[in-house]
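Multiple structures are listed underneath, in structure tokens.
Common to both upcoming complexes is subunit A, partnered first by subunit B, then by subunit C.
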Partner chain A sequence: MKITDEVRISDNGFVFNSKTGDSFNVNPTGLELTKMIAQGHDFDEIKNIFLQKYELDDLTFEKDFYEFCALIKYHQITSPEDPLDFK
Partner chain B sequence: MSKTKITIAVTGLNNTDNPGPGVPVIRSLKESTVFEVRIIGLVYETLEPGIYMEGLCDKIFQIPYPSTGSDELIDRIEEIHQREPIDVLIPNFDAELFSFMKNEERLLRSGIHTFLPTLKQFQERDKDKLPEYGEKYGIKVPASLNLGSQNQISEIKEKFEYPVMVKGKFYDAYMAYNQEQVKQAFNKISSKWGLPVIIQEFVRGTEVNVIALGDGQGNTIAAVPMRKQYITDKGKAWGGITLSDDKMLEITRNLIRQTKWKGGMELELIKTVKGEYYLIEINPRIPAWVYLAVGAGQNIPEALVKLALRQEVAPMETYQSGKMFVRYSYDIIVDLEKFETIAMNGEI
Partner chain C sequence: MEKLKYDKPAITKINAGMPSKFGLPVKQKVISEIDGIKVSSLMEEYGSPLFVISEKTIREVQAEAKRAFETRYPKVQFAWSYKTNYLDAVCSIYHDEGSWAEVVSGFEFEKALSNGVNGSQILFNGPDKSEADLIMAIENNACIHIDHFDELYLLIETSRKLQKKARVAIRVNLDAGIYPIWDRFGFNYENGDAWNAINRIMLAENLELIGLHTHIGTYIMAQSAYAIAASKLANLYMAIHRKFDYWLKYIDLGGGFASKNTLKGAYMPGSETCPSFDDYAEAISNALISSEIPHENLPVLFLETGRALIDDAGYLLTTVIANKRLNDGRRSMVIDAGVNLLFTSFWYNLGVYPTRELGHAEESTIYGPLCMNIDVVRDAIVFPQVKTGEQLVIERVGAYNITQSMQFITYRPNVVLIDMEGETHIIRKKESLETFKNSELNPKRN
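Showing the complex of A and B:
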């Protein structure tokens, strides 16, 4: 999954898509996730970082992560090619 | 570098809830880096807010409506020109454009420069000719049907699925969910704007717009896409944001290249969820949100004045996306004497 170049993410969690004019807010965890995806980290890297940093299990992370991916897909900030196929 | 002193006449000072582009055009010209402008405001009504805005116009004249006859309008412009020589005239109403385009040569002979679309460009983009326009220039447009009488309303259900858009030739648009609503809209529109009344397929999606300037040779001098963020009940943008959308720019440049569009324009498009763009209207003039383009880095009115004066203008290819405008209303306290002067003398 790739976050498109037109997307701007500010440090306070404001996400703006300059192609559509849409904007939305994410909470600190969402911001951390969005930034990691934008930086090109893959699923395993993000999972390892989250499991080390927070008290959560594999399954919960995976469920929340894909839910978050569906959310950012809904906001059209990901590349149209294979948006749900996170590598 | 010293600025060139220039006098520019501008119409459309009606900064109401259905705003004319005059006031933002003047603001843009006042920010020109090359011109020091003297502004002549041309108004039809005595309560156009631009008359009363301090520091906006140097001189204001009332002019007759184009419906009273093109000659009367142009005679009045020439009379004003005798007293206050005008270098460039920027008309901002659709309804007056025809008169000014028709008299472009006459105005130029008097020394008044304009930069308007040709009559052919103006007429072929009429709303009732949109399907032919789309086909000719390779742009998707919604299917439409021109109604010359109420009897044709029954044809709608054979050709379209409800809802449909019911539009006037010049202004006004209503969404109708059934035949009865089409009838109501037909009566409202035809009594105000005449026939035909246009039935347009309703395309679901987001309305996006592009403001652009063509040099008449096929080059796009300026283009800025925008999405309306706040829309009034009259369908006017009360807030908007510039977009970074290459497809919208490509559509605009292609259209200007093919039509050799001359002057300012606004493309109204619908972007569907599939990412397709449908052209729903072309406004043949600078739109009222022009100051957003200036704020984003493209001073379109300044470039238009240069083109009118036959000066070289390099295409502006960059602008800032994510720039917003938010309109507001404001009460100006006016002394009766000012109103009296414009009402009695037709100038101030």
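Showing the complex of A and C:
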């Protein structure tokens, strides 16, 4: 999963997708997640960072992470790195 | 290092050029307590889901309705509409407030009697009155509101057999300028059916015509319709006097006043658009007082409003079971109260509220727990993110939801009354397997 090339993310939580013309607001944790995904962090790395930083348990994070990923995928903010890569 | 408070990650699409028709989002309403009792402690003690009825609200709303009518018309009598909510504890409060009983079946008639209502203070409506029901009504001197000619002739026959006089009124259906016209109940005013029925009753030896009744519909948002109905009944009232030199005792305008719930598809919330008791009272009282009826012969005005009196007093407390994303990214959640408990969710956008301030809100669909696709409590409601186990409150469910609730898939929950002193009482117990075993028979095992 990677952030689509056409997507731009501002530091105040504004996301613009020039491919679709859609724009979005993300809340601070959503912004943090999006940026980490953009930087190429994987799930375990992001989880560890969040668990250290926030009052949060691992299962809640896991549920919220995958829900957020499904949403940004739906909005075409992310795309699979290689559709044929099944590993 | 101290950890930071966590907010669920959220993303909201910006829809430029499509502002909300209600302007900027308002602060999310929170219902954390009912009559000073915490929702969480009610649920801890009585379980979830849980119906809660507020005696304080019942009495306050009833007092408001009484004030609206009694300050505008000299003789007013309310009759509690049993079908709206016939839990004994609820009916007792209305009777304590001075209401008679308005019933629509033999079962409801028996319930009113068992609640200590004098038979002569029961208005017996409805299209289904068996001979046994009519006998019970005649024996108890009730006011029988005749619905159709077959009932009229059955009543003539029954009263002859009993050799007792029956006190009757007729239900009149009429064009009050609104759609739909409820012409399935009663005798029509415009085509002369009502006048024919009146003439037949006046000729019957054992029937005493004492009133005229109409019920023009439900959730009527135009008070002017009541003015038209009252005028037409006043015309009949005077026509009877002219022909028979006889004054009836009452005119019954039925119910149908809108509650503050919002109908599906309505542009504005019901709390902003529905007429108040004052609006209805002004329309009805003006029509009667300015009719031909001499002031000294004005009839008693009966009102059978149910929905508008009790909707606000009922709450359903419920718990979030799950959060889900639908295929198209829409948010949904599952709660433990379904449409089998919330019959009115089919035509109202019921108000669902959290019990504490929560974060980011987005458009959501709220499903009930039933394994049925139709179990949708709310669609397109802007609702904050909640975790499983979060407690929610559904308001304005006092009318019809308890009487029309259906046992389906799960047990129906406790119903709790908060009395005037703030004490809580179970007024109907949660169902259990025993509830069903007590009434079921299995010939293969017995």
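Everything that follows uses one rule, which is that the second predicted complex is superposed on the first by the 79 of 87 C-alpha atoms of A that agree within 3 Å, B and C clash if a C-alpha of one lies under 4 Å from a C-alpha of the other, contacts with A are read in each partner's own complex, and residues count from 1 in each chain.
Simple rule for what comes next: a residue touches a chain if its C-beta (ideal position, glycine included) is under 8 Å from a C-beta of that chain, and two chains touch if they have at least 3 such contacts.
Since this is a predicted model, take the numbers as computed values, not measurements.
In the three-chain model built by superposing on subunit A, subunit B fits alongside subunit C with no clash. After overlaying the two complexes on the shared chain, residue contacts for A:6 are found with subunit B alone; subunit C is out of touch.
Of the two partner chains placed by the overlay, neither subunit B nor subunit C lies in contact with A:41. More subunit A residues lie in contact with C than with the other chain of the pair subunit B and subunit C.
Contacts of A:21 after superposition on the shared chain: subunit B is touched, whereas subunit C is not.
By the touch criterion defined above, A:56 reaches subunit C but does not reach subunit B.
Residue contacts after overlaying the shared chain place A:29 against subunit C, while subunit B stays out of touching range.
The least CA distance from subunit B to subunit C in the superposed model is 7 Å. When the two complexes are laid over each other on chain A, subunit A has no residue in contact with both subunit B and subunit C.
Listed in rising order, the residues of subunit C touching subunit A in the complex are 3-14, 16, 323, 325, 328-329, 359-360, 387.
Within the complex formed with subunit C, the subunit A residues making contact are 15, 22-30, 32-33, 50, 52-56, 60, 64-65, 67-68, 70-72, 74-75, 77. Chain contact summary for the complex, subunit B toward subunit A: residues 206, 208, 226-227, 229, 241, 243-245, 275, 321-322. If you check the complex, the residues on subunit A that touch subunit B are 6, 8, 16, 18-21, 80.
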